[in-house]
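Take a look at the structures below.
The two complexes that follow have chain A in common; it is paired with chain B in the first and with chain C in the second.
On to the complex of A and B.
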């Protein structure tokens, strides 16, 4: 009960821009993804396929339409988990991010255990002889430590083992053994898995391979096989037989003559019950049978590009091979592993897949084969095919049942750009025009919904019509700047342009794996509407680093230029260069290795005479700073322009050693629009905002993950550092606090979160900074007529700072902070708090105003300033979630873009899922809402006119009658 | 109830067990239990089909347990784990007098309403809306204003009767008085 009361108090109904349920989807869209599939397993009884992905998601997809039946994010996003399917218990056991998880196939977690370290781990079911009682036992191997657990309840079946020899690059399970070796090494360690279960002192055997082994290896009932380091041979180790285990290596040009001609890169081995399948990148697959310690080629499929793991089709053990896509066909072959015969063969149309991949090359990277009974009792097969571009498709009975483009789950960087002014560049994309009847129907339904006279079916129809009639999906720019092109750079190496109206892909451009760009930057925009804006792609890793300019409307590459060195960071020069009608962005490319005494190499991009002059003449030159090679140190560099092509000279200007480790850094966005540099209080006094552009916020404290000392004497200290001089301008300390710290600097506000150790709760601290120079005078007349009356501020003669700060407990646990941004910066700002539950909470700035008075009754003056009474906890209202009732799984970034309407900005949130919405931090004060109901207005006007006419007539009649009296 | 669930943890070291309750119309698909440990780490787990969860290898110290379900709001729980690894005290983080039983039984405080509710159709709120005000004002203009207007012939007639009657307020005769006198005549 107390909880309800507490929450009722905490939930303020004062929410700026909450939506009605019937408005859901009107300004927002949401796309659920799972990521790039790294393993797949068909559900034994339901029409589902359960997958794990490179984005550390475990999910089951519906086989009929590809929809997500359930999904769970694992701890560490960003690495494919090791997974074992335990058939006897119908559970998936995964190892990822230092944890073991066991899921049932309905999405319930059976158990979870911590692994000793965070590093990658292998999990496998113990495959023993039928006589041994090892059913349901799983092995978890991590850095030489082996745990044997019961898959049913995670109880330890034997004591954990430490085998230093197992701490190697590659650990493979093969026929009841663990095989461990380092890539390129000849020495291989064998350990019997069954002996771990039995709790015996592990019998480890070291075997010497004739050749160094590569990472391409597989283990199965036929033993262990690996491709040699030089790619020339295939080495096999038969296990489980009598006698000593010994490698035998066979030259590939003798074993599979057709394969040896191709590049050894990308070769993959798959173990089957009878031998192995060797897939040679995109150059064929060989089905090999093992016998007498030697491999024998059963059959070579020259056109095969990928192979599945073994599956049982009827009475046969078979693998699925994918051929193509060549022409308009993608062929699936079901090949017996024991004989190499083709058991089934099906063709699938590739055109649909090509369309779904938006032109990206289709190279299968993973195939999973499943068998099912057809209606005529014969066996049919289905295959889940994952392409390198992220497309995941289910093939069955000659049709592509469904496909999902998962490349968008890997978005790393995004950029909003303007759409073309007239539809020429993206023509043919416009939606169907609706007739007048539909429009009338839409208005009538809208009126009904607004008056709550609708049925649920009518509400659904309204939503459908709204999508149909809205012009938000037109691929041209609009007056208000609501329609934009959203460029996204994905981890699969594609630059994709989405329409922000509904998230559909307008164009996509894929880069080869060795030229995948890592950064997406603004490059050149034009004031005249005939030119398309240009964006810059940058690949940082050297060798192979390059920059390339891309036409943002078509995806066409305009030029490409290799870089002589790698790039460790990109610093934009605050003011862009104006060249005629073009606005050219200028960047500093920094190549820096974190070593003591290392001086960064800085080049200007574009490196022209004009840009050098622009850089030299810019009002304030940017300063570089970063954490030094020693923990807790910050370094700052001053920069000096040279001649074109000579680069920029960087010089170490300052170095600061802070007492603790650095927990967070934050700077103000230098391009943030600020409407007013003063704040007028209710008593008409003026406070001057402290708006130093070289301000750096640094939070220091006990490193995350470090244990507390007994005396709990930890503290988080906030420092304000000037990046020109390295001077610490101000600092304040919070005793009994520790990280993680998240921080954002906007205008003269610094907001940061930390954790209070004693209560365990998270605390938000707001700090407003004012210039406390005595005797500053400012009048409105100066503001209007004398722009030079402002006082220059120099980092070299720092002004005193007045910091007003206040702390609040926060129910929201942040992992990141952002801030809304509008065209002129007049609209009140909202702080966008990225929560640890993958949502975005829009916090009004007034809630973190440090001047909130500590009393319930406010004076007239305080009310005029819009202050609210202080409370120790920040308000928490689900209505304030900018992501509405959606969870953006694996949330990685928030992009905010102003529109031409001052009230409104656009927000795109990306992680594994995508979410886009329009935000109005202070409500839409400058426009009618899009769904403003004209029907109701017209109905009211018509009713009034009719009433007026009728009344006029009636009055005349009455007067006439009266006069006759 | 909890005893029946078989969740009695006894004194397992470093183990936190509990169960999350949801109303019948909401499922556990988004339920996540997040434990912020005193070492600044964030541990996560999910629940099984019954809503039960367990954290293992929890260090000693003061931790914050954050239960999450997308459609529900749960209070945060402050947990004290002693040096033996046993939960010595569990209380609501915002009110430490509210002590919870171990194993934890986490019940939602409220449903998370992400959308504003449209109020059901209500005559008074309709009248207060811009449409309603417009209609009311126009009706006023249509119905009441014509009645305030006076026929010129009537006006002359009335002035004459006033002269004849020599009423005390006659000199001040204007629209307002005229209107006032109109009303009784209309009732005739």
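On to the complex of A and C.
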């Protein structure tokens, strides 16, 4: 037992990738974001603004500096939650991802309630008439089901209702009613919220609108209003009055003549207590008052670009309108909703905002207005303005108090590229040069700290100097390839270049909403240092599909080429095309296929003679495969290169129908470097790794989320499919298992996780594949002297597979898998497990070695091979988290890039938060640490030589003295 | 340090090194050790001396056996693990016999005076003994798995075989 404990401790000591306290932040950085704000509410008593974001985060920001006071992720990341602020309880109720949550404004979760389905839900406070006293009741509407809940404790105030008619595209609450309609349709359903609260059989009233209604609608005390589908009219439904509710539509050109000429896109309606505010994109805003079922224009603000919801400023109900930014001014108007008068007017400098947005156009998309009492007892206003580029800023008393660039919370794709070489540094980003005295001071302090002769102040100074002197932030490439430019394509339509040293933005380029690129791809890199690498941006949606090459160092667009068809898939061809000193990436673009069974149209990008020749140069015609349009099918197509510009002919080569639904698919990265194709066991026997790149891992089983009925047994089956022939090479089944399945294929290892139904735990199954060709001989002489001794392999004559597999329970719940990658592939690999807690766990590959012997006492041979005794559960060490102690909220992707040092690779993790670090899966065996103290080394050498000289002299003196005795 | 005595100067000290002091004229060390040999007949002297010299040579040739045995025993005691002492030991096991065999000519010089003396056989014997140690050293190396004796030692950098067909995933 003691031996086991000792062994465990020794093993953990080996794998610990932990950092010392003073190393925190030396190789890593972490940036917290909240996402693009979709709704905002000022805290009634504290200097805070509480927001919900499109990335499904609820957060409160400090009004003084914009720091995050607290934030909570909601279940479904990726969609703005429906939110209701219950004023009487000071709580935010959100509906997202099939759950209702109520938070108090201090970040405490008050309650959580599951909704029947996962679909989008609406949550709203019941706004009855003041006499009805239904304060604190909320309505949750989801797919026609209505629940009335107490916002304080989620107790049901009345029995749930099921109204089929409410299951429509748009559900709006207006003056105590629920208004539901489908976009473009004329029929509108009305249901009284009060009747739900009372538990009565809800009275549904169907109202016919004169025109089809668009999704731009708003409901408030003044009733319900929607812009007609054709954008010509504004239709209003007065509610709460006596008699039948009826729509009245007014033509916009009569109502607001200035607005009608502009494009109907981007029009937005905001309900106020007296009427509505119609914001026409960038074309101005009209404050409208409702009366007698008709709307009346109070005032039109031609320069307004956004409007806030109604807020109380002193005794007035007012909305905040933002004008501009035009020139260097951004103007905030506080406009009374009842009279249209401008109550207050403030100008803000736009230059700071433009700088913070990295040059992106500033188009306000959301404004929240808050009032506060100034010191002289008059009322002042502050406004939280959210711009389309993701910039969130707080404006107050003529200054931009703070701004946050939240566009990086929406990163979709990333790419590491080389920085410019020395001398061609990026403009305006010259690193601070430290003088020699500072360097000497740094070395001396380092020596002092190492010898523990320092004071705490000196230790702090050392840390500061380390940051100052570190060359990790220099905007040029380094010998080891540690410094890289990190290109990120964000959901706000910006391509941003970050320096991987500290995550600062070097340049950013924003695209207009109708030309937002969907994909960021490698395009052209050069071996000579004078050329900047080029990246490719691709927009798939037709019309407007295009490809454009961007200079990765400056963000300049080199060329742009529209595509005649939309693109459904982009397939990289692994072998790049070498053109002189340039390395050109080649892609296959699969056009949108009209019918599911039709043959896809494939074009080559770039479509040149050279690329066609390169494509046709492989010995046999290439294949293409994907998941078929029918669920559970896989299709492979053989491709035939034609003349340049003629496209590539694709022919259906094979089709596989799998019995269950596909839970996971994984292929090996074809560019993954592999050092050796054999594995030598401790008894000197040779095992040939099965390294067929045309291998697809498919896990099938009961669909995720599907109900498990009764004693029906469920199983996850893993198949290995050859993607050239469609042949199933191997399959194994796990009884009593179900999804979700995450899988990764690296070298000859397949690792996949599934859930064991009985124990409720996740199981990691590792499968190592070996070539099991019988009688395969190896001749040393042949290998050494015959250059043709390695025979090419073909999928058409398949080699038998020997699969060694082993399953382990996993303590962590995986949601994704990645693997480290180094320059030559010699360094032992680590598997990067993305956990459900939004962290990344680095698991050494040896822990999932299927050959781990099932005994405690290992033989000499087994120990020499680095095997560890089998345990049913994978080891879990808190020190093995690659994300250290950080949580990358809403983790969406992990990007790994090798450096030129074999031991090290770079990892960038992005979600709502960003995290970057260096990984050394087998420790830094080929480099000294960055903070290696050269001064101490030199001092020691000098001291030794001086000592030697002195001792020599002293010996001579002593000898002479002795001889004279 | 040996002659670090109080320094004094007299005639005796003119002799630079007492050890290399030359023998008096006419003094023969061999005759001084074996006065009878001088007196016996030259033929008998020759025969006995030859046999004795031959015996001495054989004794010299087999002298390293004990040493080799000791070394092998020690090497065996150290085991097959790779650590600094066993590495030194094994290096010594191999280098010592090689250098001994290389310099065996100096150990068994051809005596011009005794032409009939057989130096070749004792020298071969000497080499054989040392070869024994060398073989043990190599065995030791092989036991430590430092000898490239199996095909797997040549294969570790075998490249990945090329693939004739390629299929591109479009998942």
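We adopt the following convention: the second predicted complex is superposed on the first by the 867 of 965 C-alpha atoms of A that agree within 3 Å, B and C clash if a C-alpha of one lies under 4 Å from a C-alpha of the other, contacts with A are read in each partner's own complex, and residues count from 1 in each chain.
By definition in this document, contacts are C-beta pairs under 8 Å (C-beta built on N, C-alpha and C of every residue); 3 or more make two chains touch, one makes a residue touch a chain.
Note that this is a predicted model, so its numbers are computed, not measured.
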item: Partner chain in contact with A:542 - chain B first, chain C second, else both or neither; value: neither
item: First, second, both or neither for A:851, with chain B first and chain C second; value: neither
item: Partner chain(s) touched by A:813 [first = chain B, second = chain C, both, neither]; value: first
item: First (chain B), second (chain C), both or neither touched by A:696; value: second
item: First, second, both or neither for A:75, with chain B first and chain C second; value: first
item: Larger contact residue set on chain A - chain B or chain C; value: B
item: Touched partner set for A:794, first chain B, second chain C, both or neither; value: second
item: Set of chain A residues, in rising order, touched by both chain B and chain C; value: 965
item: For the chain A and chain B complex, residues of the former touching the latter; value: 2-4, 6-7, 15, 18-24, 70, 72, 75, 101, 104, 106-114, 449-453, 702, 704-708, 738-740, 755, 757-762, 809, 811, 813, 836-837, 873, 876, 878-879, 881, 884-885, 887, 936-937, 940, 943-944, 947-948, 951-952, 955, 959, 965
item: In the complex, chain C residues that touch chain A; value: 4, 6-7, 150-171
item: Sites on chain B touched by chain A in the complex; value: 28-30, 32, 34, 36, 38-42, 44-49, 53-57, 59, 61-64, 66, 68, 70-71, 73, 75-76, 78-79, 92-95, 98, 109-110, 112-121, 126, 131, 134-135, 138-139, 142-143, 146, 151, 188
item: Chain C contact footprint on chain A (complex, rising order); value: 569, 571-574, 588, 590, 618-627, 636, 665, 667, 670, 674-678, 680, 684-686, 691-694, 696, 723-724, 778-780, 783-784, 790-796, 962-963, 965
